[in-house]
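First the structure, then my questions, so here it is.
Labels run A, B, C and D following the written order; every chain starts at residue 1.
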Amino acid sequence: MTTEIALSAAPAARPARSRLAGLAVLFIVVCALPFLVSSYTTFQLTLVIVYSIVLLGLNILTGYNGQISLGHGAFYAIGAYVAAILMDKYGVPYWATIPVSGALCLVVGFLFGLPALRLEGLYLALATFALGVSMPQLIKYKGIDTWTGGVQGITILKPDPPFGLPLNQDQWLFYFCLAVAAVMFWLGWNLLRGRVGRALIAIRDQPIAAEAMGVNNAMYKSLAFGVSAMFTGVAGALGAIAVQFVAPDSFSIFLSISFLVGVVIGGIASISGAIWGALFIQFVPNIADQISKAAPWAIYGVFLIGFMYVMPVGVAGAIRIFWARMKRKAGSSPQRSG
Amino acid sequence: METFLHQVIAGLATGGIYASVALALVMIYQATHHVNFAQGEIAMFSTYIAWSLIQAGMPYWVAFFLTIVIAFVLGVLVERIIVRPVEQAPVLSVVVVFIGLLVIFNSLAGWIYTYTIKTFPSPFPEKPPFGTHLVSSHEIGAVGVTLVVLALLYSFFRFTPLGLAMRAAAQNPESSRLVGIRVGWMLALGWGLASAIGAIAGMMVAPIVFLDPNMMSGILLYAFAAALVGGIDNPGGAVLGGFIVGVLENVLGAYVIGNDLKLSVALVLIIGVLVIRPSGLFGRVHVTRV
Amino acid sequence: MAALLQVAGLHAAYGLTRVLHGIDFALEEGSITALLGANGAGKTTTLRALCSMVKVEGEVHFDGARIDGRATEDIVRLGIAHVPDGRGTFTHLTTEENLRLGAYVRRDKSSIAQDFERIYGYFPRLKERRHQQAGTLSGGEQQMLAVSRALMLRPKLLLLDEPSFGLAPLIVREIFAIMREINKTEKVSILLVEQNAAMALDLADHAYLIETGRVVLSGTSEDIKKDEAVRRSYLGY
Amino acid sequence: MSAKQLVVSAGVSIGLALAAPYALAQKKYDAGASDTEIKIGNTMPYSGPASAYGTIGKAAAAYIKKINEEGGVNGRKINFISVDDGYSPPKTVEMARKLVEQDQVLLLWGPLGTPSNTAIQKYMNAKKVPQLHVYTGATKWNDPKNFPWTMGWQPSYQAEARIYAAHLLKTKPDAKVAILYQNDDYGKDYLKGFKDGLGAKAATMIIKEVSYETSDPTVDSQIVQLQGSGADVFFNITTPKFAAQAIRKAYDIGWKPVQYLNSVSASIGSVLKPAGVEKAVGIFSVEYLKDPQDPAFANDKGMNEWREFMKKYYPEGNITDVFNVSGYASIQTLIQVLKQCGDNLTRENVMKQAANLKNFEVNVLLDGIKINTSPTDFAPIEQEQMAKFDGKEWVRFGETFGK
């Protein structure tokens, strides 16, 4: 397993210029989307952007640092509630809630990461699973329900576009989320392609060797938790603004499980995988529902298993393998390893 | 004081439920080194099979043993057909397949049997034992069955060559092949046995909580916690872990923090224990020289 | 005369990297044969190929039957015991459980009990530690355990992969002495892979020299020892 | 619809004027309605933890099939688009938008769950699309002033709880009450109604209240706590599985309080029988629907029709499940609204007619219960009757509460 992940973490060997051009084209297409599709589809795509930020964050922890989390829905909930409470109770403008959500989740995630340091594999799975299950119950707790709205949740208003921009609310929110996502992906990219990323991978693959080389494992592992939670919290805030409502039922354990599913389906330790995974968790349940009202989950389960059969290392992994094959056929560049 | 005692006994009874499911988790872990998240749903589904057999007029014990056999075959088939193709895939991909199985079994059960709760018969007398109201005969009987399964499981792993081979296959597949163990079949067998144990657990749990497709979804987390707190490689520890979790949860809920936070606090305590003793209260500490 | 093990045109690869390019060799019944070569020459891969632990092309005959392409566990059942690279200890099991696993495919219960005593006779330290978790044994003890586990199969052929690796010379000598004794008294043929060519040649009757996936030299140990190139590159004198 | 089309269709309707009295009114349509079709949207938890309720949507869909086979409503076929929201509010928002914006439904009928409906309430009202007959008993759906496009259907939880409180004050004013409730909006709504009903005496009468989570495997521990409090009245605010557990456990440990059971779980087939009918003797509840397992309705005309319907249109459905009665009854209320709309199928008129039901009866509701709404009364069913379980059937007694 380690070797496969190591392979998928290897930087792609495509030339930088064509890659940048590709990115630019992609960016233009994405920016044009809200004018090409309906408001409803724009809203769905906004959710895809939001989920992709979560998956990137979870990937930092699970993919790059090898720590499993079955409870990231909890951080998503914290981010969402912080945004909702600030907007609803304190009249804070929506855009100002994003950094607050991120910062708070960074702290909470880091603190949660400290005891989690001693837990590995199954034990960490239990601890995070417990976090995910407990979060809705904590939100309902009577001591804090004057802020959280208890079981009723909080309804918030959708922001209007600023400066009299000729956009509708959905289009504006799409661009707003896209801008935040761009910042988060840029952050994630720099983090993962640099020294920190190498340290995280080293800890995942060779913890003892990493320690010997002077990497502070404990520090990095907690930090990975914190940063991962921060990404998720930012996304949670965006999600709350997009959906205009938060309630304990919005953050059930199934949300956390979808996130994990998204990371794996998208591609472990892959930045682009976050987008594939987000598309999957946004659209595949809808497709399953279209196929069968009687047992939509059964169809969804078949999709999950089917994806893992066809692409055991995720969509991003499969694409990478496909490119490598094409290139080998073309015989253009020699095989590079790792 | 009497209420306190009563709470503890009720906790032991619920703990018995966790223990029985925890045993199935220990079984599959020993045999495959995975924790199968679909374990609870397969147990639930097997219980529906037993229910159908009983509805069809089969005597309880015939249905009971037939269900164990069916569950065993079901487990083997699931491993051979569904899990096999991803054997070589990264562990997280396997986890996703487990999640897929979980939702499939849950959904199928709802589709076939609807979501209305069903009563599942108990093989034990209706009359409470020893003239007490504190605990029902079924609860005592279920704990008894769990202990019997525990004894069988313990002996199986400890004293039979097959049990040893299964542990070996889970731990070190390559070396296992080199001593002639058919590793693929050991995994399938492990799935079969785990699902058979799950079926027993399901049939013991259902009379208490009623049979419905979501019967196991709440229990799985507790069973998982019980198995880990007791030591995932120690069947006896897992059963004790089940009782500990059951009692802890009741006492916390009734006397310390109230019912709305009892799950969270119980889990925090369990995780605390695991931070201090990473291999569980009764798990073996593994030392490996590099 | 038919050899116990006959290998012809053996190819093997890990993924896209080809490691063996057509190896041919034979092992006489009752002999100790050594495969020599530098790190990365393909010695370990050859052993793994014999047990179908890597994908192979070519032909392998053992005891008159063709075995290439058969499953590892079936090959083991024919009487080939493999002490793998890194010893393959079941670290979480006890010493005794490790040995019991060695006899997993045997059905002759009474003689298994005798074999335990025989093994403990060779390696008394294992007896002392039989209830100890195998992962806690020292490197030398784990090597003894690995050899013992293989012997519990009552094999016709023993494949030994770098038994000297990482061990003190004294312990290596002890293990090699026991190997020779087992070969003599129990008629177990041995195929030995070693980097330490000097020690291997002392023990073996025959030897093959492998370089980059091919056999480049073969002969009796005495002949090989005399070879100029081998002396310079592998024996260091 | 272009002006020309309007003229044409108006011409057609004048041509038919002699045949059909409705057609005198000019045909008017909003999105989702036409001469041939009415599109209705719906969200339901077909997957996830609340899938038990999904059968309501399936029963409604089956009834629509029946209506369409019989010629539809005023000659128009109904296109019922029901989608899964997994009981997750964000998904409900997404699905409501899909139904309104993409599928262009005339109205959204019967979305299930308080959080899900809260999540879409603002959106539906901003879009001016009817959110009709929502499946939740919260009181807040009866708020025509602030949310003129949202309307409930079933009696409110709070109103029901007040009935119990009134009964208790009358029959046992010195009671010591213990309450078990589900820790969510539904449980807390009942709790509030009950306390409101007891008024000033609530603080002294209620001596213990404990909650449970839907993830709890059993409520045994809670029942032991309630028994330990020494209470002699037990108000059981639980969903079917937990209700059955609670009734059985209370009996088994020898606790014999006067019991009030919320109507959510008053089903004989899915609660009292599993708990053991002998353990449920004497329980009070209120009813508005006919229970499929109640022997009193074994030969009831309405229930026989329902059974026929189930056999023909929803054979895979469970005929002991009261949810299937509920879905059958509630969708009929919508059909009545659509019938009253005639050819004026604008969203505005839909709301106007929904708020203009006069003594409408569905024969699977208890005899005598009538559905009435007005522009200031957005609560279709308000009448309920108390009943006591005698070990075989619910014995209704006393007056019919509510208007």
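Everything below uses one rule, namely that a residue touches a chain if its C-beta (ideal position, glycine included) is under 8 Å from a C-beta of that chain, and two chains touch if they have at least 3 such contacts.
Only a predicted model underlies this, so the values are computations on that prediction, with no experimental measurement involved.
With steps allowed only between chains in touch, the distance from chain B over to chain C comes to 1. The greatest centre-to-centre gap from chain C, using C-alpha centroids, is found for D.
If you average the Cα atoms of chain A and of chain B, the two centres end up 32 Å apart.
Distance between chain centres (mean CA atoms), chain C to chain D: 75 Å.
Centre-to-centre, using mean CA coordinates, chain B is 37 Å away from chain D. Computed from the mean C-alpha positions, the centre of chain A lies at a distance of 50 Å from the centre of chain C. Shown for chain B are the residues in touch with two or more other chains, namely 103, 107, 110, 221, 260, 263.
Of all residues in chain A, those touching 2 or more other chains are 133, 137, 140, 294, 296-297, 300, listed in ascending order.
Chain C has no residue in contact with two or more other chains.
Inter-chain contacts, as defined above, occur between A-B, A-D, B-C, B-D. Those residues of chain B lying in contact with chain D across their complex are 2-3, 6-7, 10-11, 13-14, 17, 103, 107, 110, 114-119, 128, 133-134, 136, 205, 208-210, 212-214, 217-219, 221-222, 249-250, 253-254, 258-260, 263. Residues of chain A that touch chain D in their complex: 38-41, 43-44, 47, 133, 137, 140, 150-153, 155, 239, 243-245, 247-250, 252, 254-255, 285-286, 288-289, 293-294, 296-297, 300. The part of chain D that touches chain A in the complex is made up of residues 46-49, 51, 54, 57-58, 61, 82-84, 86-91, 93-94, 97-98, 101-102, 113-116, 118-119, 121-123, 183-185, 188, 213, 215, 316.
Those residues of chain B that touch chain C in the complex are listed here as 161, 164-165, 167-168, 171-172, 174-183, 233, 284, 286-289.
Across the interface of their complex, chain B is touched by residues 51, 53, 71-73, 76-77, 81-82, 84, 88-93, 97, 100-102, 104-105, 133, 135-139, 142, 149, 153 of chain C.
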